[in-house]
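The structures considered in this document are given below.
One chain, subunit A, appears in both complexes that follow, with subunit B as partner in the first and subunit C in the second.
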Partner chain A sequence: MSTNQAMVEKYRNNFLKEVEANVEEGEWVKMCMQCGVCSGSCPLGKFWDHPPQEIFMMIRAGKRDEVLTSSSMWMCTSCYNCIVRCPRELPITHIMHGLAHYAKRLGLVPQNQPTAKFAQLFWDNLMKKGRVNELKLGMALYFMNGFGEGVKVAMKNQKLGMNMMKTGRMNPMEILGGHAVKDLGGFHKVMKKAQELEDARIAKHGA
Partner chain B sequence: MAKRQYSFYPGCSSQKGASSSNYLISVQTMCEELDIQLNEIPDWNCCSASIGYAGGGELPRLTLSARNIALSEQHNPGQDIVATCAACWLSTREAQERLHEDQSLLAEANSALAEAGLKLKGDTPIKHMAEVLIEDIGYEAIGAKVKKPLEGIKIAGYVGCQTNRPFGISGESFENPKYLDKLVETLGGDSIPGYEKKVQCCGGALAFSEPEKSQEMVKGIIEAAYDHGADMIVTPCPVCQMNVEVYQDQINATYGTKFKMPVVYYSTLMAVAYGRSAKDAALNAQIIPAKQLEALAAK
Partner chain C sequence: MTEVVATNETILVVGGGISGMTAALEAAETGKQVVLVEKRPYLGGRVSQLYKYFPKLCFPTCGLEINQRRSKMNPNLTILTMAEVVDLKGEKGNYTASVKLSPRYVNDNCTACGDCEKAVEAQFDDEYNYGLGKRKGAYLPYRMAHPQRYVLDPRIIGTPDADKAKAACKYNAIDLEMSEEVVNFPCGAMIWATGWKPYDAAKIQPYGYDRIANVITSVEFERMADPSGPTGGKIVRPSDGKEAKSVAFIQCAGSRDRNHLLHCSRICCMASLKQCTYVSDAYGADADISVYYIDIRAIDRIEDFYEKVKAIQQVKFIKSKPASIVADKDGNPVVHGVDTEGYKRFANAHDLVVLAIGMEPSVDKDSFPVDIVLNREGFIEAAPENGGVFAAGSASDALDVNRAVQHATGAALRAIQVVNSVARAEA
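For the complex of A and B:
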């Protein structure tokens, strides 16, 4: 049974409980009073299939699939407008990140969702050396939808890349290794342990 | 002025050959002039910014920042942590607060850190450089160092998101922060207090994954600056700087605009106003040259 199916079984008909137990800051969802200030404050609001206010109501209404397979949460730019304006002080930005992460963990993210892909590339990139390698991240971004598409994107951004290089803000030598933390062994041990503890915490709530 | 010391978290984008390496150069110049000593946190790591959430769960993400704070406590004890990058500041401070509120998370973060012999106390204040300038140094002391006032240069103060929300600068509002305008005036330039896009989002990391959506917002940010007769835009955030400066060619191609608006850091302005060279202000790293600042630096 997949993790997704296990969660469906466990929380049958109570998606709100599932969110409260499994989504970062999910315990706040029930506090939403549906005023809509978050939706009206979002800079990319017009691109959300379901703006935050709607997502909160859908969670309470048990619309599990519609919420978790939505591209909505992935439209969050982390501008924190909704957080500072919410009259009930819900940590909306964090809830959206939490929902996005949960959807990813369950394998429910829509295919080719660009921000989901980029965000994962970013994480994988920083976990390698402890610091972001901008050049490799940029290359991975260009080619994240395959080689043919990548060449097109790279061509479109060629001038931009040249500008960055000319002004010393991009270093082609980064491809050979680049910046890294010195105690890389220690860094990896710390992060491995953190992941184990995270997994144990998840298992407690899981099926 | 007594020398002030801070534990410094420069962040990935400020490293040599990275996208905001110019920010670091001008900050170092500014700090020399203000007698601020920045002690880099040894062996710091990435904070995972605000886009780390897909790959990183709660504890792994918080642990990244916990490691930096623990290193700071160990090597730079008693010093406030200062970050120049908005995302670095936000992630670090958020992690500190989250771990402070949730003792079980803190215990778990500490058992992860113990793998490398580190321990987090978590009582270090975490500041953005803008806070250091405004709250610790103050406008008067900042103004006292000006040798070349930015006379006749009209500058739109673009605060952006993460230097402003959710924490912000003490005494400033989320909707209409005025500290960049006051800073511009302090340096002898002309501010635009009514710049309506001062807290508009540029798209942040979505500039990479959703370029059309982001560039539509950036277009508005630049257009409003032109409408107010701005000569340049100033910002405290490396993501804002990059997103608003480097895509102007692409925006021009999409929308038929003719944008050529320089976008600089507050530290760029300060380095020039303090009489330092174009090199010390990192003006050579502008993709869209800030010609008035170049001329002033050459005087």
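For the complex of A and C:
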């Protein structure tokens, strides 16, 4: 390989193309002008290993493993500050979720990432009855970090729970399965179809 | 009733700033009849409000004085101040313009002695200083104003102040009976040189211009640095008048931002670099200057000036568009953001923050008084549909003075071509 070809290879931007093809709103990444308003505007920014601006630069620099195994995009709380302020109107929040989703699909999510764990709990809960069983989701969240921790959190929130029951905001009977959407079979069909469409889209892009 | 002598070989120039003055003088000096219409009570526009020019750091008063002299000497030039074009009918080579004249309440007997100013008590925000100081209800807009003639603020008309002004005048120059009038006159071509205005800084919500006293705009800072300005040239904090030694400049305040102005305003990088020298000249080694930028656009030959400012030890360049500014308990504006070179978070307190505010066309896109092709930013396009109407200077794009003047000379030539063809057709 000539030096010229080697340089072309080095700067090929394969990972940017991969992101554009596979990540929701990924085609916007190249529009970032590295001004830094998103990173500075992020209320949780100091907890991110790499702020959004840096993630965009890392994608362009081809740092595939560092980006996809990062916990950064999982830190996004969807406050939309970055989208509102971005001078180029990049849908930054959506790109962060898109990256998280893509990393999840590839099995690259960091172990015990709490947002990822909660997202999985939410999804599993939703898939059962076509609606979120809040009681079960709350319980699952309490016990996410072990039994002892769960009991402690539950005890701490006892009063809140009792008040919610009194005012009809929480039904303890929901623990026994809980109620479903009217057409649960139909719901599952919709989800199956959506999965097929998604699989077809992935197959088309080859990633 | 004001009489304006004009024919369809007359060139009408709208706007008496540096571009309009240039276009009008260039055309008048070739022998063409020119009417120059200016909304303010004096010529010179925003250039008259600058302390120094970049990159030479010389004084705009110098060039303005030359232009004033040229305009006083030229019999082909008619100047209408406090005048606005409200309508234009007809076609290339044969227009009729309607111009609204607001009353000045002072006639040409005025010698600018200043007795009326002393007699009047009411005070108003001084537009010339972007509201940083006050002026009287009878005032000379600024010391070099041309025409050198006082103005009565319409808000004092009908109050005892107006009568006091009239009584104080020894030259019978005050005429309280003046009223608004509209004059119609013909012209063959029109040069639209209405220039720019600073973008409304309060719209950039996270920067707190409307909430934090020590966050000001670059145009206000320019007035502050001028020895004839509201602070006598002292660079101080508006909140408490203390010396502002730690000054931050924030670039692209409104420009290059799809939430505000789509375009790069071109002048702000150079303006901030120039203003860095004001702070370092004032405070020397005690100055602490920070420039927050996305990228410095010191275009072509003025890169050299950027290098000179970079060499000043007290000037730091921080590659970051700040996310927000908040005031701490002492009124210091604290600039928050993340540095692009290293992705480090910062929260830097300064004495004063200067927003390098963007340029937008001074005439509102949706209420342009004549039929004209505008681009999406509201600047005038050079389009054949505009007929005999041409743009000059920053009405056509965000331009610095150098480029605006060159553009104005070009516009004058285009207008001359139109009136020459009218003259040939009638010969």
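Methods note: the second predicted complex is superposed on the first by the 168 of 207 C-alpha atoms of A that agree within 3 Å, B and C clash if a C-alpha of one lies under 4 Å from a C-alpha of the other, contacts with A are read in each partner's own complex, and residues count from 1 in each chain.
Everything below uses one rule, namely that a residue touches a chain if its C-beta (ideal position, glycine included) is under 8 Å from a C-beta of that chain, and two chains touch if they have at least 3 such contacts.
Predicted, not measured: the structure shown is a model, and the values here were computed from it.
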Subunit B and subunit C placed together on subunit A: clash or fit? fit
Max touched-residue count on subunit A (subunit B vs subunit C) belongs to chain B
Note to self: Is A:Lys128 touching anything from subunit B or subunit C once the two structures are fitted on A? First, second, both or neither.
What the structure shows: neither
Message: If we overlay the two complexes on their shared chain A, which of subunit B and subunit C does A:Lys63 touch? Say first, second, both or neither.
response: neither
Mind working out whether A:Ser41 is in touch with subunit B, subunit C, both or neither, as first, second, both or neither?
second
Applying the document's definition of touch, where does A:Tyr80 land relative to subunit B and subunit C: first, second, both, or neither?
first
Which of subunit B and subunit C A:Phe118 touches, first, second, both or neither: first
Smallest inter-chain Cα gap (subunit B/subunit C, superposed on A) in whole Å equals 6
Shared subunit A footprint, subunit B vs subunit C, residue numbers 84-85
Interface with subunit A, subunit B side, in the complex: residues 12-13, 15-22, 43-46, 48-60, 63-64, 67, 108-109, 111-118, 161-162, 165-166, 174, 200-201, 203-206, 208-210, 213-214, 217, 246-247, 249-250, 284-287
Per the touch rule above, subunit A residues touching subunit B in the complex are 24, 43-44, 47, 75, 77-81, 83-85, 93, 97-98, 100-101, 104-105, 114-120, 122-124, 126-127, 130-132, 134, 141, 156, 159-160, 163-164, 167-171, 173-174, 179, 181-183, 186-187, 189-195, 197-198, 201-202
Listed in rising order, subunit A residues that touch subunit C in their complex are 33-37, 39-41, 45-46, 50-51, 53-54, 84-89
Residue positions on subunit C within touch of subunit A in the complex are 206, 252, 256-260, 294, 319-324, 336-340, 343, 345
